[in-house]
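Inspection log for the structure reproduced underneath, given as structure tokens.
So that you can tell them apart, the chains are marked A, B and C in the order they are listed, and the count of residues begins at 1 in each.
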Amino acid sequence: METRYLPYILILPVTLFLCLFFLYPFVLVAQQAFWTDSGWSMQNFRDVTGHWKFPISLKNTLYLAAIVVPVQLVLALLMATMVRNMKKGRDLVLYVWTIPLGISDLAAGIIWLAIFEQSGFLNSMLSGLGVVDKPINLLTYQNPGIVFIAIALAEIWRATAIMLVILVAGIGLIPKEYYEAAEVFGASPWKRFTRITLPLLRPSLSTALVIRVILAFEVFAVVQAIGGTLFPVLMSETFNYQFELLNSGAAAAVALIILAISIAFTVLILRLLRVPKGATI
Amino acid sequence: MTTVATDTPMTDPRKAGRYVYAAGVFLLCAWVIVPLYFLLINTLSSPEAVNAFPKSFVPEFDLGSLTFFAGFAGMLTALKNSILVAVLTMILSIAVGAPAGYALSRFDFRGKEVFRMLILLTRAFPLPLLALPLAVMFIRTGLDDTIFGLALVHTTLAMPFAVLITFSLFSGIPLELEEAAWTLGCTRLTAFTKVVLPLILPGITASAIFAFVISWNEVFAAAVLTIENRTLTAFLLTNLDTSPLHLKFAGGFILVVPALIFIFAVRKYLFAMWGIANR
Amino acid sequence: MSFNLKLAGAVAGVAILVSSVAAQAEVLFWSTQAKPVEEAQAMREQVLAGAGDVDYQPNDGGPWLTRLNAELQAGSGAIGVLGALHGDFSAMNPDDLVDLEGMMSGSDTFNSLAKLGTDNMQYVPWMQASYIMAANKEALQYLPDGADIDALTYDQLIEWAGNVMEATGEAKFGFPAGPKGLKHRFFQGYLYPSYTDGVVRTFASDDAVVAWEKMRELWAVTNPASTNFSFLQEQLLSGDAWIVFDHTSRVAQAFNERPDDFVAFPAPAGPKGRGFMPVLAGVAIPRTAPDMDAAKALVAHMLKPETQIATLRATNFFPVVDVDLPGDLPPAVQAAGDAVAKMSGAADANPGLLPAGLGDKGGEFSQLYTETFERIVLAGQDIRTVLDDHKPRLQAIMDASGAPCWAPDAASDGPCPVE
């Protein structure tokens, strides 16, 4: 009897909380997307998707996520297994690797712009080493590739720690005996990683991936700092509609499109990395 | 318990492997630290040096930019507000979120998938759009311009992290462990507090870190929802992008430091979980 | 167990925090202007020092608008006085702003703009600025033969920037095309009036095609990283740009830091004269202001001559009332003041007005010019096609807002027609 209601009692606080502080404002905002002067319609969606910048923003957002998230996943896994095997100084190393967590995206944008701009640190380094004789202009509309790489690097630098911390927390729970047993049977480090770490890490992996993917679709401040107007993303379109064009209906429509994409990817990741019930180890 | 096993076989190819490994660790550390070092250089440089080319790679220890902010009225109050909001967010998000994480990992109940999606959606919709109805609600209920009110909004942002991280941690703890405790005469509650909670506590640090830094770095809601009780981030960051370059860096630096101190302070809890699971 | 204790402590703490907030007697000055930290500090310490208890809080447009709308919707709030640009106020519902009868600036043009098409003073003009050109003195040696820096034409400017590019190997004209850059004002107030003697009527004219061709030529000698530039003082100081166009307050830091290295001069002229345009900021009171008298007293304070001069020092925005300017103004103010005076005093001056009557379509209006630039200059699309493509959109904006033409366009009955 108690057990039947227990889960609902446990999720009740979160549900109430989110209904009040998320669902209620969300419904108010979302309905604006379906509302125009002439009544309920999909006009806002037709307007925003019909705009010539929309396909570019959509493409940019998806490409960036497609490059950044897998790189971060690999890096975070690498870092997490590295600290796992560390004997000395793991405390310090892990601290260093989690530092970017404490840096807001606005600050990260400022830092990376200082690196890539014409009189920035990268050019100073290159000219100091004699590679170039005068600073080269990297972030220009003629070099969309470099702009993309710079944004991707900044994002990888800033947000890999999010995945790292989740994965480190998860790896810590894998019993050491498993690795010891595997070693006794002569399993190579790679085998140990693919046969023990990866499968047992599945719950944390799916959490880290889902959260990171959702955040990747909302990327904004770093992109704006480095890409300027050259690299529109969906989120910058949302802000533009809301605060420049004062069109909250259109802003809500773009936001709902971001939401829909996020849902689609979340469902996909959760399906692929389904955690078996009870998580038998 | 027996770490000896990993230590003994140290043949030569393994040694080479160790060097690669050490180099990898070093490179990854440098990758994180070097950009931050640039921030430090620019913070400790005079306006002329910040604009100069080529840039110096050694700071000249000019404290002009930092002293400017030291003279800023209200910095300390704003710092206090920021810390209060962040700590409240931390406590609220774990207190409200962890039970749900446990429920998700241990029970199959109707509506579980919907519930999980709802939690994730909170992060998939941009907060700046939600800020308007939230602000109207807060003004009407008197939550406006309070530290508690802002912490509620930040908790909403931190909630998916709290629920999902605790969920994945609980999932990593074998149900058999709990069941064993039940057969030894524990109730569900005592089994949880005596067996599961000690195991999970370090992992909760991870979600605490997230809650803290999310709240610490959040600008938009803070700028809209606080007036008298401005947080440091709202106080500094909203106006940084239009400020002269050297102040941009100094302001950014000032914001980064407290967050780093916090992560440093809790890092050992994040680590305490190593080796616990096999006890 | 200890967890519950912590929670109880937190709740108790919250109760204390909530109760400590109640009392406040300050006037909250909620502004989009004087945002850079140094300017904000100067506003607090110098401009508002004698104005009683004022809390000056500058913000980005996003939070500024969100907070204001929330207070208006909730019907009560904390904001006492609003500080913003003409365009921000014209996008608001006239009922939401208190009539400021009896307070006005020294300029009739500004005062009538501030009525926003109603019979009341919706806001009071607070301070003004303009856009100017500035250059690193290093660049002066490359001025084309016979060119007078105070009376440049667009062709000479392009040639000049071309000379610099040839000599240094780098494009060093700087243009504020970044996300927060004010590029649209260049098209609306400078390029279009100089080449077409209009902004709206002549949007898709043959003269406009010529104007955009010139813009392309100028862009060819422009630092291609300009799409990242929003405050050209940064690029002047770093040397990434030698010749720039920007808002007077957005080049001010360069002059104040290294006054001997830079010169300020008027915007160039085209076949239809030397187009230029003012920037007007105002102060207003929202209907939800908690203390109406204190708010009105603060607005009155902002218009006092000594406050206006303090504001000039703090923000590089010029007074809107008659004042005698002291001799010891900061270098940026002197340089910008001279340049603006030469620009408005030029024989071929073709002053434009701020867009009026656009209401909440102001953002869309500016966006259209920016998009035209992005498609023609950045994406290299055919000029005629883009202009014809955007023409009906511009007409729709004018029709929806009902805005009549403003100078330099010839006056119109009803919405301004796109010809």
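In the analysis below, a contact is a pair of C-beta atoms (placed from the backbone, for glycine too) under 8 Å apart; a residue touches a chain by one contact, two chains touch by 3 or more.
Remember, it's a predicted structure, so these values are computed and weren't measured experimentally.
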{"item": "Winner on C-beta contact pairs when A-B is weighed against A-C", "value": "A-B"}
{"item": "Chain whose Cα centroid lies at the greatest distance from that of chain A", "value": "C"}
{"item": "Centre-to-centre distance between chain C and chain A (centres being mean Cα positions), rounded to whole Å", "value": "35"}
{"item": "Distance from the mean Cα position of chain B to that of chain A, given in whole angstrom", "value": "15"}
{"item": "Where chain B touches two or more other chains, by residue", "value": "51-53, 95, 128, 132, 240-241"}
{"item": "Numbers and ranges of chain A residues touching at least 2 other chains", "value": "119, 239, 242"}
{"item": "Chain C residues counted as touching two or more neighbouring chains", "value": "62, 238-239"}
{"item": "For the chain B and chain A complex, residues of the former touching the latter", "value": "1-3, 5-6, 21, 24-25, 28-29, 31-33, 35-36, 38-39, 42, 51-55, 57, 95-97, 99-100, 102-109, 112, 115-126, 128-130, 132-134, 137, 152-153, 155-156, 159-161, 163-165, 167-169, 171-175, 188, 199, 202-203, 205-206, 209-210, 213, 216-217, 219, 233, 237, 240-241, 248-249, 252, 255-256, 259-260, 262-264, 267-268, 270-271, 273-278"}
{"item": "Chain B - residues contacting chain C, complex", "value": "47-48, 51-53, 68-69, 71-73, 84, 88, 91-92, 95, 128, 131-132, 135-136, 139-140, 142, 144-148, 193, 220, 223-224, 227-230, 236, 238-245, 247, 251"}
{"item": "Interface residues, chain A side, partner chain C - complex", "value": "52, 113, 117-119, 134, 137-142, 224, 226-230, 236, 239-240, 242-247"}
{"item": "Complex contact set, residues of chain A against chain B", "value": "2-3, 6-8, 10-11, 13-15, 17-18, 21-26, 28-29, 75, 78-79, 82, 85-87, 90-91, 93-107, 110-112, 114-115, 119-121, 123-125, 127-128, 135, 157, 162, 165-166, 168-170, 172-177, 180, 183-184, 200, 203-204, 206-207, 210-211, 214-215, 217-218, 225, 235, 238-239, 242, 248, 251-252, 255, 258-259, 262-263, 266, 270, 275, 277-281"}
{"item": "Sites on chain C touched by chain A in the complex", "value": "61-62, 65, 91, 169-170, 177-179, 181, 223-225, 227-229, 238-240, 360, 363-364, 366-367, 371, 374-375, 378"}
